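In structure tokens below, several structures.
Paired with chain B in one complex and with chain C in the other, chain A is shared by the two complexes that follow.
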Partner chain A sequence: MLLDTRQSLETPEGALLPLTPAGFGVRALAQILDILIRFGITTVIFIVLSLLGRMGIGLALILTFLLEWFYPVFFEIARNGRTPGKKWMGIRVVNDDGTPITFGPSLLRNLLRVVDFLPMAYLTGIVASLCNRQFKRLGDLAAGSMVIYDAPPLAEPSFAVRGQLPVPAGFSTDEQRALLAFAERSNYLSAERQSELATILQPVIHAKDPVIAIKQMANTMVGKQ
Partner chain B sequence: MKQGQFEQLYQPLWQVLEMQIVELEKSGGQLTGDELASFASRYRRLCHFHALARDRHYSSHLVDKLGDLVVRGHQQLYRRKQPFFQQFISFIVAGFPRLVREQHAYIWWATALLYVPGLLIYVTILWQPDLVYTVTSPDQVSSFEEMYDPANRTLGAARESDTNVQMFGYYISNNIGVSFRTFASGILFGVGSIFFLVFNGLLMGAVAGHLTNAQFTETFFSFVVGHGSFELTAICISGAAGLKLGYALLAPGNVTRVESLKRASAIAIKLVYGVIIMLVIAAFIEAFWSSNNILMPWQKYLVGGFLWALVIGYLVFSGRQLRGETASVERGPV
Partner chain C sequence: MNLDQVTLEIRPRSAWEAVDLGLLMARRWWLPMTKVWLIASLPLLIIALVIPTDKWWISALLIWWLKPLYERPLLHILSHAVFNDLPDTRSTLKAFPSFAFKQLLLSLTWRRLSPTRSMDLAVLQLEGLSGARRQDRLGVLHREDSSPAGWISFFGLMMEFFLWIGMISLIWSFIPRELNIEWAGLFFSNESTQLIELQIILWYCALVLTAPFYVACGFSLYLNRRVKLEAWDIDIAFRRIVNKRNTAPSSNALAIIFSMLLGLLITSTADTAYADATQTTAPTSEHLPGMETDSDSDSGAIIVDKPLGDYIELNRDTAQRAIKDVMQQSEFSRKEKISAIKWDTEEKKEPSVFWKKFFDFLRNFEGFIAAASVLEILLWLIVIALVAFVFYRYRHWLAAQFVRIKPTQVLREKPVTLFGMDITRESLPHDISQSAMDLMRAGDSRAALALLYRASLFQLIHSGVEIQDGHTEGECVQLMREHFSPSGNTHKTPHNADARIDYFALLTRIWQQLAYGHQNPDTQVAEQLCKQWNLCWLNKTANAQGGAQ
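Right after this comes the complex of A and B.
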């Protein structure tokens, strides 16, 4: 069994959408980034508009009000669920059926932010998000939204080995994935560790050099020579 | 079928679909004519390929690639329409007042929670003036006295217009912030909304009572009567929306608490849309009309009465004739 938070959502077509909910750690970092950005903008607004006297202060108050409550709503709608902070951390908000977030849910989850913040530092939100499998804070529960990781773009793999070797029949998709993951991560492993890991499969694949054999199987899987 | 054959045979199909998805993902990207018509069926075939590839244990690379396309296609196909601006007018004319009437039980409770404590403390302070200090601090009391002291008003001098803009900004950020908090804290089983409603009611009643004792009635009531129509009603509605969240958690009925909260929120947030609009209007009246000292008090009372009639009439009657309003669909707390 894989130890991760990935969940499948079944669509009307019977396809299973893999979605990975984001926990409060990465969301807190995104939130800190957003707060810093907002703080920067607020400072600039007040410096510039205070030159305009009382009228400027009035405008600045309106703008900071909009910034405080509607900054996340604006970006979540306009940027497909990503505020600048979330984009930076590679996460985004979606409706919990996997569709892009819409105005109502976005406004709702961001208004309820004040409750999730209570009594301090998003304690309510953190406790709530630890009580369900999608890491939903109260705002997400009410709005029917969730924060997920963006799927990383599929990189063009390269395993530094030439040649192909057929994958033995009977390897399930997950087992194939493990082979591929091994080949992809081998750059970060020492040669000794590589052969130590690859040798585990020796009884199944009967190769002369299991490390090279697995990489060649990986080549087969991604269709490289 | 071997994976190689499978890919060779069907790759052109999913490549076309990938191009369409990339086009749709661009902001403002659109498909037209045949392309648009065939998108859904292409997407369904893609789902089929994905399922086949998984079932036949084709390489994980292929399965993941198709899976990624399925996710992106799903995002495009099931993108919900966002007719927010198109529906704006119909929401104002009919949707919002209908919703308020449909949720009348919550509205009445919120109204009672705001006004009853307010009236009680108003009467109490007329009888025991010192009780005002149980609600507010002496500093606040003296600042209110200063604000509404007729002696501080130079008759015939309107405020500078830039001061009006400053106060407009202040009313917007303060009042809408208060109503957002009144709404949001309702998710704490209603407790937060009740607190904010009662607290604001007490504060209002105490200040009114104190200023009545100080004989500043005319300046005070002529100031608040105009924008109060929109502002107080909006606070009641946002409190009602909050109470709805709390009640959905307390008494979920036949569904789970989370599901019940979700359904109640979808309705409550629409009340908040209306509240925002009402509070912007209120802030506008407060900054540019209520503060105007050139106007005689009777003019302000007259317009204030008209505005109250407008708000109540709007909420009670607007949108009734259009395509027959159904009787209240849902019962609130009784």
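Right after this comes the complex of A and C.
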């Protein structure tokens, strides 16, 4: 069993749904961002409403209460599990089974934030998240939710090589994917490393220049000229 | 150290995901790492406890400051465990001196506070680089995905601190309230030496708890960076492809390649593995010289006359003039003659004085107040009139919306002829029964029945049955039935309505047979009808006649 951050959920149809739970580091940053945003809003509320005297302060306190408790719930429901901070960090909250978070679990996990916060700075939550593989804090465990990374957006591939070459027969999907990954990531590899890697495949593809040959195969796969 | 033996799922990850992988690594190898850390740093704890307690902050700082030294065996364990070669505690401790003193002085002085310490340790310890080469290597590694390294240092420090306070408050919460220990005294009073020693031990425990995670996260960041730079996952995949296809034949050649790539981790592949970032700088600078020569110019004449490419000093004004000159050439401009009427301004002066006086007069004219109120009243009247007009104009629509008004009944004229027959009072004789009987006796049964029918229709029309020109005979009977039906409206139904209906129905049938079918009615029936007419339709006369008979 290889150690991996990604976990696959199997759907009833037998399809594998890869989810990547997010650990406490990225979540802490998202939380800091959210706290800063809330702090900004609260400051504005108090400055504006204090003009109304004591009634204004009362209103501001009520609004602050609502903001403090329902800010995450609102955004998790309305923005598909992403508060502004989470969106910034590229993470979101989902149910255990990968479905979008619903009102009940969201409310529960955010009410239990207080428990996770104890004794200070989410220490309980951090320790709890280190004790299970999905990095769930207590609120997540109770609500049956988890925080995952958003899939990064796909970039238009560009292999900087023209021409196509047929992929050798008998290459499985995973093997073809490896060829494609080589072409896609060659921008980040030095020329020496590229030829080093491509030479490994030389006994199979028998090409004059294996680097260009693999990129041309990738062109064939993505339909580029 | 073979990529085939790797115990991690190798794939390029995002920076924070790499940190999460570090957390998982620390979880899996937490026990051996903690064991080694405890054993290696135990002497330090003893020294820290020996230091007099009034200098307690020295002990706390000492434990904390020497952390890099005790992180090295943890990295040693991890770097082997990742390649499925987990060393036991004894061998780790035996190897400890070999890597403990590498650049130790630097690590404990000005590199101690480097935020990327956890990530950089591997370069020093595993790749064995130093000096300028180390700096180059770090530059490559930090080019991407290294921002979490600083953050985990920050979070690690926070964790240590919070764990320490958390453990102290946990103990404090078990102390019965009756003892009445001052909360602040726990932290700040120097009276009790045992308490301070306890705090130092707790501090040490906090460091034990965080160290494996911190080291593993940093190592994972380093590993992820190398996976990306050297495409380990592609390496593994390509090797699998080749292995699958020629397992037997060229195993010798494979072994050579294997041996070439063995020791990927420790041997310095740094030189070949630099990420090629310079590729991405596109040669956009090519365009710049051309643009500069275009803008080089002195004045309009010069720019037009002189060949391009000569270098001429110019300033802003001459350039402006040159542009203007060029723009005024016929290629860039055209002339238009526009004629328009303008007010003669000179004659306007006198009237303006007049108007001014006039307005001054108006401004002070008190009659305006009255006029204004009159005007106001007028305006209101217009408004009211408009509203009224609107109400009137749309009264039907409004009525339909809000009030149900009975539509006005259209008075229809009663028909004078039906089925081509006269049904006016004038055309009918006084005594219908008698006249019909006479006609019957004269042998003209058609005329007799026609008379009866006409008279019946006349009676029906004048008793309120709405028979129109277009109705057929059958419809007349139907209308009559509806008119006199008991469920009908408030029409006063005569007491012999049923008799009348029956009579009229029978008469209609016989009349239809005669008129359209030319079937002469049974004489008896016809005579019966003639007799009954007065009885049926004219109650009073019928009674009178009955009385007379």
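General observations
Methods note: the second predicted complex is superposed on the first by the 214 of 225 C-alpha atoms of A that agree within 3 Å, B and C clash if a C-alpha of one lies under 4 Å from a C-alpha of the other, contacts with A are read in each partner's own complex, and residues count from 1 in each chain.
Rule of thumb we're sticking to: a contact is a pair of C-beta atoms (placed from the backbone, for glycine too) under 8 Å apart; a residue touches a chain by one contact, two chains touch by 3 or more.
Everything numeric here is computed off the predicted structure, so don't read it as measured data.
Taken together in the superposed arrangement on chain A, chain B and chain C fit without clashing.
Look at A:100: by the touch rule set out above, it reaches chain B but stays clear of chain C. In the superposed pair of complexes, A:182 makes contact with chain C only, with no contact to chain B. Look at A:171: by the touch rule set out above, it reaches both chain B and chain C.
Minimum Cα-Cα distance between chain B and chain C in the superposed model: 9 Å. Residues 171, 174, 177 of chain A lie in contact with chain B in one complex and with chain C in the other. Remark: chain B residues 7, 43-44, 47-48, 50-51, 54, 57-65, 67-68, 70-71, 74-75, 78-80, 82, 84, 160-170, 172-173, 176-177, 180-181, 183-185, 187-188, 192, 245, 258, 261-262, 265-266, 268-270, 272 touch chain A in the complex. Only residues 2-6, 20-26, 28-29, 89-90, 119-121, 123, 126, 130, 133, 135, 149, 152, 171, 174-175, 177-178, 181-182, 185, 187-193, 196-197, 200-201, 203-204 of chain A touch chain C when the two sit together in their complex.
On chain C, the positions that touch chain A within their shared complex are 6-9, 12-14, 16-17, 19-21, 23-25, 27-28, 148, 151-152, 155, 158-159, 162-163, 165-166, 169-170, 213, 217, 228-231, 233-235, 237-242, 245-246, 250, 253, 257, 272-276, 279-280. Partner chain B is touched in their complex by these residues of chain A: 11, 13-15, 17-18, 53-55, 57-62, 64-65, 68-69, 77, 95, 97-100, 102-105, 107-108, 111-115, 132, 138, 141-144, 151, 154, 157, 167, 171-174, 176-177, 180, 220-223.
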